[in-house]
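In what comes next, chain A is part of two complexes: it sits with chain B in the first one and with chain C in the second one.
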Partner chain A sequence: MSINSIRDTFFEECEDLLDALIEGLAEMSGGSYEGETVHAVFRAVHSIKGGAGAFGLNQLVGFAHTFETVLDRVRSDQLEVDPELMRVLQRAGDHLSDLVEANRIASEVDEGTHASLLQALNGFLGIDPADGEDGGQEEEFVFEALALDLDLQDDIGGQTDGYEIRFSPNPALYANGHEPLLIFEALAGLGSLEVAANTTDLAPFADLDWKAPKTDWIIRLRSSEPEHLIDEVFEFVEGLCELSIEAIQTDPPEEAAADVPDLDDAAPDGGADPTPPAAASAPAEEAVKVVDLAALRTSPADAEKKQEPKAANGPRPTLRVDLERVDRLINTVGELIINQAVISQRIEEIGLPSGSGLSTELEDYKLLAREIQEGVMAIRAQPVKPLFQRMSRIVREASDATGKAARLVTEGEGTEVDKTVVERLADPLTHMIRNAIDHGLEGPEQRARAGKDAVGTIRLAAFHRSGSVLIEITDDGAGLDRDRILETAVSKGLVPAEAELAPGEIDNLLFMPGFSTAKEVSNLSGRGVGMDVVKTAISSLGGRVTITSRAGEGTTFSIVLPLTLAVMDGMVVKVAGQTMVVPISSIIETIRPGPDELHRFGVDGWLLSIRGSYVPIIDVATSLGRGVPDADVRDQVLLLIQTEGQSHCALAVNGISDQRQVVIKSLEGNYGHIPGVSAATILGDGKIALIIDPDAVVANSSAALRRVSDPRPEKEIANGAAG
Partner chain B sequence: MKPKVLAIDDSRTIRELLRVSLEGAGFEVTSAEDGVDGVSRFPDVAPDVVITDINMPNMDGFGVIDAIRKGAVNSTVPILVLTTESAPELKARAREAGATGWIVKPFDDTSLISVLKRVSGA
Partner chain C sequence: MAQPVEIAESEFIEFVTFVAGEQSFCIEITQIREIRRWSPVTILPHAPDHVLGVMNLRGAVIPIFDLAAKLGLGRITPTERHVIIIAAVNGQTIGLLVDSVSEILSVRHDRVQETPNVRADDTTTCILGVIPIEEGMTRVIDLGRIVPAKAEGAA
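Let's look at the complex of A and B:
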């Protein structure tokens, strides 16, 4: 693994850490300042700093350091979280995320924001901004420079020939996993070494306490190295032993043995008995050996015992897998589903007697294949939580830009959606939330007049509904101003001036390309992105978006998305002699209408009366341009669906043949876009079937209706539909 | 036989960096992602040296030292603490808990290996 791939790992990890950071900050702003929440936020920033340091990303390290210091004060209760600090922390979180991204793509962050946030953070640390923007960091440098000065003084006075080191370990030294022998070896690397052990206090072998062998040493090191290198060797044992290091100006005697007897002088206060040790007369070389064998090789480090692991109460174990592998598996499982359908069909064609038992097993096979498929899909499923939490930043920024106070409330964060859906929802959601604040929420005075809380609420909710995922963006603003929307649409030539549209239809004008209601271009508008882009993005995920709005109460945008992008439940139908598939998720019910439920309307239009309201009937074949002129609607089967405008429609097809799971194969990638068709699939008989996009079919034919009908009955249709 | 290192850090980046550095220097590396994970791997790995981060979820570095020095494991294996801070009080606290030494992040390979050899003799 190269350093570059570790760098990639770092940025990948940063994504997770930033998610955790944002989550923690959201919890903190919700009022949870203590315990694990603040720790988690601190850890996230700390880990980013640690990783960034490894790659020399100094600006990131510097900012994370200051950020972390503030968080450390918060978690140790030295700093109280007030709304102002919370605001700065959240902005610091946003900025940290920008810094990570800037470092990832090697670009720059906004200097002004960087400096002002550092200043704000330092302000909470009581660091005077006049000290410079990196107050905390400079302190460290000053500290290190000081340490260096001391070393230099040592060096100046350090014209030495060697050192005499008296070393007497406390029991704690052994307990902390130190080996005197290793220290001697490290010293030996600095020059020639003579070591003598004082073993007077060493108990007889039978009574030896291996945790605290009472031995101390006098070490003579012949070396011209500066003293700080000697200090460094003892760095880790400082405080765990009695230690004196003295520079010797004269050459040590040739015979180490002659020098050893004054060991009694070396005995530290309350230390070893000042009697010359037995080993004292041994030559230095040998002394090391004696120490080596007698005391050190039986040192505590070798005394580890195997123990049963403690019960681990950590997070559930996870496995990181390359996405490509998962997708390959999903594809293969898709093929398996198709293959299973083919086999089922072949067996059916053979016409085996029903008692053969094969059909039961075939049914098991089908169930198992489906289980495998669901299991594989679950691998790609991710909770929407990180996505939702990222939106709190959008709310903050939009709120700042418009001067409208807003809070984000989220629901159903645990709802799981396909990874790609989560990723591709970020842009549409961002845009819709900006819109909700910019256009949805009223200004402060207007809210006050309406008796509403000065702080507007943006509610972001996700939940599962019958095989789909529903995501709602709700504001508690004034609701859509339909008169103005219609006026704008007319003035832009999007609808004829004389058009009379149902409320739902007016709302849907927002999704038309080139539509924008902002009379004053605010900071957020004028980005060249309209709601039509949002709609396109959601359609490309196989989803759809609808609007509901109540004057004075607010507006809700609902996004319905398929759980997975690879497989769906479909109803297999016959249309103009062809087999097609309609997504089950869009079908409310299927109806075989009686004669009294059908009403002629216009030249060749039909209405279905159902539970007291009239619903337009749309012939799928006609909409797709395959219609037979005199096809009788009375022979057709109707599929009641809900369209984008929340109104109902009945799709007329020749018949229903099956309901089954189909593997979605993109049409655009293999052929091209067909209006009214969203994708294709391969059926059990190996033939290709088109998957119908009901909304597009309705849109196709309402455009056609509008062209042929006069406005009056159209209004009637709309009214009927809205009921 | 290669000397064995048990590296405990909640940061994937640091775990990878340690792995690459240490394997390159001839160590056998086992990674653990937090204190609980590290302590539970200890008996099977029977490491010659432990490297642990301080700030970790579930069980922090002090908890790791405590569990290894006392508790069920009860070992005097060398434990190196990986710290971002060079704060003396943190080092003092680590030493009090029973740490053998420390490595200050960001670390370079040479000093990492030399510290590792200094405490483990490996």
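Let's look at the complex of A and C:
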């Protein structure tokens, strides 16, 4: 294991720890928390500090140390959790993730934030002499000498109580990024400390195995602190070392010095006692009753005891698996599904007598294959919780930057979505939440006038709805200012000035490229990245985003996403002799129109009249690049779809042959993007069918129309304006 | 040259030679995954002339290019007798439709000559070098030039 891979492991673990940290802080700020929550937060910070120390990430260690000290005060009830403390703690949590990230990619964090947060944290600690002492001791620890003697002899006389600790790290302790020095530092915080390395069972220098450091430590701690505090210091190395903690009576200093093997005794080859220390030295030191084996045996039991409550409410056991392996499995299972379809089709072709029983077996095979597929897909599914938790930070930052107080309310955090979806949602959600605070929420005075709570609410909700995942971002602000949106769109030339747009259409202008309502570029949103980017990001996930807004009550952005990116339900259709697939999710209904429902419109256009309204008919083959429709529209089958702009459209295809679940295969890996086609799939006969992107087909076709007929509308507009 | 043939290491380089548009071409053998008979493909919309379509190669979607058309030597009308060379380049797997595969050629690296300096056209821009053979000359294909750039239009 190279240092780099250990480092990677450390940062991977940091991610989990930071998640736990943020979750705990969120619980604390919600007010409904118990001691265990604070402990969990403390543990997370402590573990990060421990790991960071092992890699010499001093800035991170320093910050985590201060952070941890404050948390320690909180959990020992020396500090009361008030909103101000909570505010600082949350920002410290945010900053800690920044620090970790900065250290991971070797970049810098904002010095100003760092300093001000440190100051804020220290503010809660007060001017504490003990704290200063801690700092001093940290400096003294240098991992060079084998015996560390933090000689605070003056205190010893006053102590009535102490501990003798034997600490033998296993190689795994180091492999996991722990560092005895940090443990000693923590112990030093509890009292006066003497640390000595027991080098008696060290191999001769030449035989030392650098991969398996093997040094025992004998630690004498003069402290009146209760034993459980000492246990806590070793909490993270449980199972990674052999440990015994023994309370001792005060001994005269000379004796204490005598039973700590000092450097001279422990010279590698001059070792007087070559046998392992735990067994051999115990009898020798019976007088001071140091280690007895019973104590050694109790420590694993203690460990178990401690883990029990954690297991009860902690996360279920999980397995870290390389994502590539999962994807390979998903691919193979996709093959299995295709293969199953091929076999079914072949057997059907043979035309076996129906009594052969083969069809029942085949049906079972199909069900099993489906079940495996669902199981494999479930591996990739992840709850949106971490994503939502990250958003609470965005809300905090945005509300700081705009001076609008806001709180985040989340719902349905347990909703599971494909991992890729979760990952790729982070940016769009961030942007939408910033927008909601920056543009959605009103200023404090305005809110007061409207009789609303001074603190705005951003609601982030996720739930499953009919095979898709719905994510809603709702603010309780003023709602969209449609007049202003229209005005902006007109001034930017996005719509003609005379256009009469329905409210829904105006709302959708927000998603047009080059649209931004911010009157001035605020430092939050309005950096030229508009909602169109959000829309593109969501479309690329196979989802769509819609807006509903009520004046004075707020705005809701709804994102509809597919559950998985790997399979979907599709309608198998024929287009210009080719087999293609249209996602069922976008089809409202299929229509075989009668002659009186079709109306010529324009040069070669057609409209379909359906329930009193007229919808344009788009020939899929033409939109995909065929020059002229190869079939009369009267012989075609129409698929009524709803486009992203909420308008309806009818796609004309040659015929519908099937409806089935298809495995999505990317075209972009080996070829590239094709306008109007979202991906490909493999059908039962082993042939590839293209999956149509209905929105892109409609967009292609209207773009083509506009090009052809550009001069005419202008003239018409001019005429209209004159008349 | 965009994709220099790795020459230095071993004395000999192996090429697979084949015929497309009545000319002899070759591809370094390490770039070739397999060779198979032509079977009908799925047509791609908005595709350039030399892109015949995509086919299913054990679950992967592979684009098939008409090499002769790409090189400006006229389109092949594929039949059962035509052959598809499956090759991998820059992490992409593609298929090339050719008239027929001839042989495996093992040559010393210094026999691969640089492309003579001629007017750039559809063919010459895709050629890395030439190798003299008994029946005249074979042209080393630069696969990187055949494959469409991945990022192109992918946004």
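Quick note on the criterion: the second predicted complex is superposed on the first by the 417 of 723 C-alpha atoms of A that agree within 3 Å, B and C clash if a C-alpha of one lies under 4 Å from a C-alpha of the other, contacts with A are read in each partner's own complex, and residues count from 1 in each chain.
The rule is simple: a residue touches a chain if its C-beta (ideal position, glycine included) is under 8 Å from a C-beta of that chain, and two chains touch if they have at least 3 such contacts.
Since the structure is predicted, the reported quantities are computational estimates derived from the model, not experimental observations.
Visitor: Give one of first, second, both or neither to describe whether A:177 is in contact with chain B, with chain C, with both, or with none.
Guide: first
Visitor: Is A:671 touching the first partner chain B, the second partner chain C, both, or neither of them?
Guide: Touch partner of A:671: chain C, not chain B.
Visitor: Examine A:321 and indicate which partner it touches, taking first as chain B and second as chain C; both and neither are also allowed.
Guide: neither
Visitor: In this superposed model, does chain C or chain B come into contact with more residues of chain A?
Guide: Counted on chain A, the partner with more touching residues turns out to be B.
Visitor: With the two complexes superposed on chain A, say which partner A:450 touches: chain B (first), chain C (second), both, or neither.
Guide: neither
Visitor: Give one of first, second, both or neither to describe whether A:51 is in contact with chain B, with chain C, with both, or with none.
Guide: In the superposed model, A:51 contacts chain B only, not chain C.
Visitor: Examine A:409 and indicate which partner it touches, taking first as chain B and second as chain C; both and neither are also allowed.
Guide: neither
Visitor: Of the partners chain B and chain C, which touch A:682 in the superposed model: first, second, both, neither?
Guide: Once the two structures are laid over each other on A, A:682 reaches chain C alone.
Visitor: Taking the superposition as given, does A:334 touch the first partner, chain B, the second, chain C, both, or neither?
Guide: It touches chain C, and chain B stays clear.
Visitor: Flag every residue of chain B that touches chain A in the complex, lowest number first.
Guide: 10-14, 16-17, 19-20, 34, 36-37, 39-44, 46, 53, 55-58, 67, 69, 71-79, 84, 86, 92, 95, 98-102, 105-107, 118-121
Visitor: If we count contacts the way the header does, which residues on chain A are in touch with chain C in the complex?
Guide: 331, 334-335, 338, 578-579, 624-626, 665-677, 680, 682, 686-690
Visitor: In the complex, go through chain A and note every residue touching chain B.
Guide: Within the complex, chain A contacts chain B at residues 1, 3, 6, 9-10, 12-13, 39-40, 42-43, 46-47, 49-51, 53-54, 56, 140, 174-179, 181-182, 185-186, 233, 235-236, 239-240, 299-301, 303-310, 312-315.
Visitor: Any idea which chain C residues touch chain A in the complex?
Guide: Against chain A, the touching part of chain C is residues 40-47, 51, 54-56, 58-63, 92-94, 148-150, 152-155.
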